[in-house]
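The first chain written gets the first letter, and so on, giving A, B, C and D; residue counts start at 1 in each chain.
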Amino acid sequence: MQSGRFTIEKLGEAKFSSPIERLEGQTFVNDHERLLYSPHLIPVTETIKSGKEPEGFEIAGPRANIFFNPPKTKAAIVTCGGLCPGINAVIRGIVMQLWYRYNCRNVVGIKYGYGGLAADADPFMTLEPDSVTSIHTAGGTILGSSRGAPTTKEIVDSLSKHKIDILFTIGGDGTMRGASAIWQEIKKRNLKISIVSIPKTIDNDIPYVRRTVGFETAVMEASKAIHSAHIEATGVPYGIGLVKLMGRHAGYIAANATLANGHANFCLIPEVPFKLDGKNGLFELLEERLSLRRHAVIVAAEGAGQYFFNGKKGSADASGNQALQDIGIFLKEKITEYFAKKNLPVVTKYIDPSYIIRSQPANSNDQLYCARLAQNAVHAAMAGKTGLLVGYWHGEMTHVPTSVLENKNQNINPAGELWFNVLELTGQPQEIG
Amino acid sequence: MQSGRFTIEKLGEAKFSSPIERLEGQTFVNDHERLLYSPHLIPVTETIKSGKEPEGFEIAGPRANIFFNPPKTKAAIVTCGGLCPGINAVIRGIVMQLWYRYNCRNVVGIKYGYGGLAADADPFMTLEPDSVTSIHTAGGTILGSSRGAPTTKEIVDSLSKHKIDILFTIGGDGTMRGASAIWQEIKKRNLKISIVSIPKTIDNDIPYVRRTVGFETAVMEASKAIHSAHIEATGVPYGIGLVKLMGRHAGYIAANATLANGHANFCLIPEVPFKLDGKNGLFELLEERLSLRRHAVIVAAEGAGQYFFNGKKGSADASGNQALQDIGIFLKEKITEYFAKKNLPVVTKYIDPSYIIRSQPANSNDQLYCARLAQNAVHAAMAGKTGLLVGYWHGEMTHVPTSVLENKNQNINPAGELWFNVLELTGQPQEIG
Amino acid sequence: MQSGRFTIEKLGEAKFSSPIERLEGQTFVNDHERLLYSPHLIPVTETIKSGKEPEGFEIAGPRANIFFNPPKTKAAIVTCGGLCPGINAVIRGIVMQLWYRYNCRNVVGIKYGYGGLAADADPFMTLEPDSVTSIHTAGGTILGSSRGAPTTKEIVDSLSKHKIDILFTIGGDGTMRGASAIWQEIKKRNLKISIVSIPKTIDNDIPYVRRTVGFETAVMEASKAIHSAHIEATGVPYGIGLVKLMGRHAGYIAANATLANGHANFCLIPEVPFKLDGKNGLFELLEERLSLRRHAVIVAAEGAGQYFFNGKKGSADASGNQALQDIGIFLKEKITEYFAKKNLPVVTKYIDPSYIIRSQPANSNDQLYCARLAQNAVHAAMAGKTGLLVGYWHGEMTHVPTSVLENKNQNINPAGELWFNVLELTGQPQEIG
Amino acid sequence: MQSGRFTIEKLGEAKFSSPIERLEGQTFVNDHERLLYSPHLIPVTETIKSGKEPEGFEIAGPRANIFFNPPKTKAAIVTCGGLCPGINAVIRGIVMQLWYRYNCRNVVGIKYGYGGLAADADPFMTLEPDSVTSIHTAGGTILGSSRGAPTTKEIVDSLSKHKIDILFTIGGDGTMRGASAIWQEIKKRNLKISIVSIPKTIDNDIPYVRRTVGFETAVMEASKAIHSAHIEATGVPYGIGLVKLMGRHAGYIAANATLANGHANFCLIPEVPFKLDGKNGLFELLEERLSLRRHAVIVAAEGAGQYFFNGKKGSADASGNQALQDIGIFLKEKITEYFAKKNLPVVTKYIDPSYIIRSQPANSNDQLYCARLAQNAVHAAMAGKTGLLVGYWHGEMTHVPTSVLENKNQNINPAGELWFNVLELTGQPQEIG
């Protein structure tokens, strides 16, 4: 077994035969196979010729032998952090997969995030096919979510007490850090509890995972909000449509929605700093645009321009996320000030569609994706794998150790094609100010 | 001819035969007929038996004789005030009706509201069937809108200078006041210019008009925002979804969207005052609701509770609308304060979908309605009627003199069925606080 | 009390006080008041002056006194005929109104139409607020529907046996005929069972009712199908988009969707015959259109042109509806034949969206309408009124005796404004062929 | 340079510097690099260790040097075959890319498919940013499409005559065969015309391309049709909802929509034969399902079960596609027959949503994908590459020689995960009959 940074830990020997049927010609997934991190011929060839093994991910899917005895296994699901489209689809997928493919029917839902694993928490919800069959058509999460958590010890105490064998955590950064810590504590206690995570963050900023739960739906809805901003901007002389979108550290929603919609003139993201004043600053460029066309649309990711608030940092929230200052309201005010001085009667229409976007149900493509994540999370857990999240790479499902995520973020590469396409489409310069 | 308050003024004798064809069995509308203000038997009978004539509206539709000679007539369209769904559908309808039913092909669009009639304004847009044929599928207004206006004299000067025979104004309160003043000035100058208005206000608060342009679409979209609030509220423990909807003086959107969606627990409108603190105040009721169900949804019309801002009145905008203080942000802050003191960890998700709602295209039922308004506005203008708006009453199209709108608003009757239904559905008491 | 054709029958004296609260200033509805059939001043005045009473409808709404003692009353709901948007919203509305406004909590749902009242039928469903609270967001009917019915005697036996006091029937023509017959049988047996109907037919063809359950949603969806036909027609040279819409005897959906969408060149409805061949026949007009623009869109109501199938009548279905021959497929074939002879390579794209339209949930405006129908149906039934349906006239809710519907249909008036508007929009001549 | 089956041909030496700017840190794509056909570690390592080079695709993207001199280059776009969502987005993307990234402004659109390159065809359309800026929000193709084509010689004559340097063909199987033949003829004549194709087939059946234009939107819309079938099926006793979806040789839409929607009980695709009668035949299984639940939903790809029509083959259409017999209508009739014999009163609701699906505009994710295809098609063509289509593999854009597509189809693997997931979800057996 490969022992690189992408090595997946296991609870022990997988001694049960998998109940998963195989069609004629279909095989189980081989634990030794890897999905190449880079699928490009030249670097791979060079690495191999130099006698090393190219990095790659363990491939997700059903194994011939499994660790847990399904009818005697108890699984739990917890959803943490902010809402996004598709959480219910993942819950449904896990329950269905456990019941129908593994015959594991002891499945509970933990209410309101990790908080539901506190000593004094609400009782768990029983999850069965009948109770989850239609939940994917609704937004949100039937389990409730929350930020913040009891101590890791308290959580592991609770898992032990309730004899939970597998914990599926559906969440983002904070949740993954939590899952990693929980797994370390479990290992210390020498318990046989598998912790398997599903990457859910609307910002799509989890490394080694190309696409998170509900991201495409979020882009679809965000794109509609930009369209509204465009209509409002063109509806008055010197109209400015300003849209704040999700994206604390990564501007993926802003960039993708800008590309999908096509009407924005400026796209501001956390990865690319910009100036307001001075030559080629945002305000000068905006003024030029307005004098040329009399309307403009600005898209700003919530994490953009946070350096404008130096010394005004908000406090951290219960998940440890630093509260951001509101770049949308800030820009709205500064733009008003600037053009008041210039005596140009601009009218700024500010749209903050965050909760409307987050609360949508997944579109059909995200439904399919959530179902695949769920199926593979169950395969991994039943095989006794742990401390991992289910990833997506080159169109295939993978296993990623949660430990490699520590202190890492996936961001837009300002020298990459995505950002280049945004610059081309908006016409904004590489450097603003 | 009846000379009551609903009498419609005319520019002069209608001496041209209408080019409008009539199908076999179809007649023109009779100027003497009235649509009864009240269609109820007992009051009508009593009035007639007492020798008086019951009040009623002139009925809209094509007349056998018309005042303007269509091929020599020049018509202009102006759109004023905030956006709402359906404005483009009205513009399209007027152009199509003028061209194809009256053979009047000299139609211009005035850019950016009454401001486009200032002495130094932009040139007009030429409006033809080819250029408007698909505009109804887009939100907003192709003409642009604005608040504020030049002086009435300047406007009439401009109408004279450009030899405009008919001005169609599409707007709300302020626009109607403007239209009324313009018509008075025209009369003073003894000009033969017809001013015909179409009631467009997303708040649906124009008296003698049951339904304004785009109102149903606005309710449809508002209802979706309440749904998002519900999903967010149920997604965390003690989640509160708070939605601010349009409605400066009238809570129609809030009330109707509350009824259509079904998830709100409190609906706050300008017509019904409420208290925050004390016995049965909003906060106490909210606390009860949260302790019972752990989530709550509040819908507030923007004009609700303005008395909380005593002495903090905003300045009037360019249309003379008094700027309102923001009840949504106010409630959000006060709720946070209240529960902080109570040590209840509520999470308030605040949604302000206004611009998203306003910028939608009209749904099919509003398309049909906008088309009817447009057709009848053209009939009225060609017949030389003036100083009127096209109304909707008992399911029929009517003429309403703009003069009767002065200092009047249509509001929700707190003792009527609509509000009663809201109380029943939300479960909120008749009196909050 | 008026005893004209619109007189509503009652089961007996209303001796219980209504539990419905009235807000300050709000009164109960007066049984003597009428909503004028015609709200036009001149005919009403003439009738009154001649000493007669103008015709009018009893007005729906809560009465001060009611016939049934709510806590001891058992109500049943049945849904019959084809699906349409909004049925679940009506069911929900009736249950909520009975429980929360009248405290009547014994409510059952009859499965699969009148068939659920056969002697050997399935047991009833218990209907409670919790089980119906979200059903309005789904299309179809949770009770199931069907065509056909047991004998009237069998139905009344079943109502008696199950001690049902009130039967709400939600359906169209056939259902109303059934409801009328059931009420006659009940009267003969001197039973005290109220039969109250809600007009549900997607064709909107019930007389004295301006709008049926789900009609606006149906038009909205139908309009989308016409748009698809337009896209397909313009996608190939000589493309013809052909859409068949619901409308057995009345072309309301076809006409309204044609107006709302704006792309159709021909609209064919049952009320207006047309010819295929010869001078000015459909084919010649179509050929002209194609040579001019290379594409065309035809909308046909399913009941249009049934005379082409002389001697080929289909058999009646279980509700007694004569099966229609398929005008859509017929036209498609005939068009292909015609242009094959002419050597013009037309490509006909045929769309039959019926089931897609019927199965949608109600849009928000229909949700509101369904709720009003439900509330007023309950008011009528609790007051002991019977043999009626809840109507909609001049924007108000009314009572209409089911007996007046016999052998009547509401149709599009070929000399009326609706049809005239269709002719204007499509450009098709008044007479085709 | 690799000379395997995936080698891309070039018109000649690329001697112009690319006008494409590179951001700091951004490089051009290297012609020698390959995207590995299989990204799996073990086979790749074995191949390399055995001294061979693993197969891979040339990677799409901008090259440092280009073949054509942009300001002197004339490009043409043609769209062929059936409609699908996203065609206009591709057209728009190509025009924008040519103008703004390459400064190539001589771009024409060919009307109605290859037919627009016939000697006597309509004049070309001029394509400019202003005329294409909003076309992506509409379904269909602004160029029109068609099946069939003039001879290859005639097409190349026309390309020569009009001095076209680059031809972008947007189409499926037939179009690719055509493009390949055109390129062979061009080579024979030693012309310097580049032929670059974009894979557009709603069936998603092009080999070496994971996803075709508009496929995700098609699945989204197809999933809605299945939902309608489910509502209709549950609306009557023994209701059967039957949906026919696109998929001549490959059941991707049927399989994916079945998974995304979740309500179908049977999914029938061309790749997996099934029997109607006998033990475990479709009818027996359907009968079991109906007796258990009283309703059922069947999804059939149009190419499923074509062997039932032996000897009844339809004629080929103008593109050489064999006309299929209608499996939807066939199943509807056979089901009716079968249950008539069994005296079970089933009601089959048949939905054929094909044209409604095909005519939708692309959803936001498909918009993004179409834009990427367009950009990379332009990069390839400007670099003088030819006889290729732009592919999508492991999430990256590639070049695929059109020659390798000959006589190949991409199909669902009946032993693969996709089909396995469908079996699991529907509960249908691996073998029907």
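Please note the rule applied: a contact is a pair of C-beta atoms (placed from the backbone, for glycine too) under 8 Å apart; a residue touches a chain by one contact, two chains touch by 3 or more.
Not measured: the values here are computed from a predicted model.
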item: Computed distance of Cα centres, chain D from chain C, in Å; value: 42
item: Distance between chain centroids, defined by C-alpha means - chain A, chain C (Å); value: 47
item: Rounded Å distance, chain A centre to chain D centre (Cα mean); value: 30
item: Overlap residues in chain B, where contacts from two or more other chains coincide; value: none
item: Chain-level touch network, classified as line, ring, star, complete or other; value: ring
item: Complete list of chain pairs which touch one another; value: A-B, A-D, B-C, C-D
item: Complex contacts: residues of chain C adjacent to chain D; value: 83, 112, 115, 138-141, 144-146, 224-225, 227-229, 231-232, 234-237, 241, 349-353, 355-356, 358-360
item: Residue numbers on chain C that touch chain B, as the complex places them; value: 23-26, 30, 32-36, 39-42, 44-45, 48-49, 53-54, 56, 59, 61, 100-101, 133, 136, 210, 216, 219-220, 223, 256-257, 259-262, 363-365, 367-368, 371, 375, 393-396, 414-417, 419-421, 423-424, 430
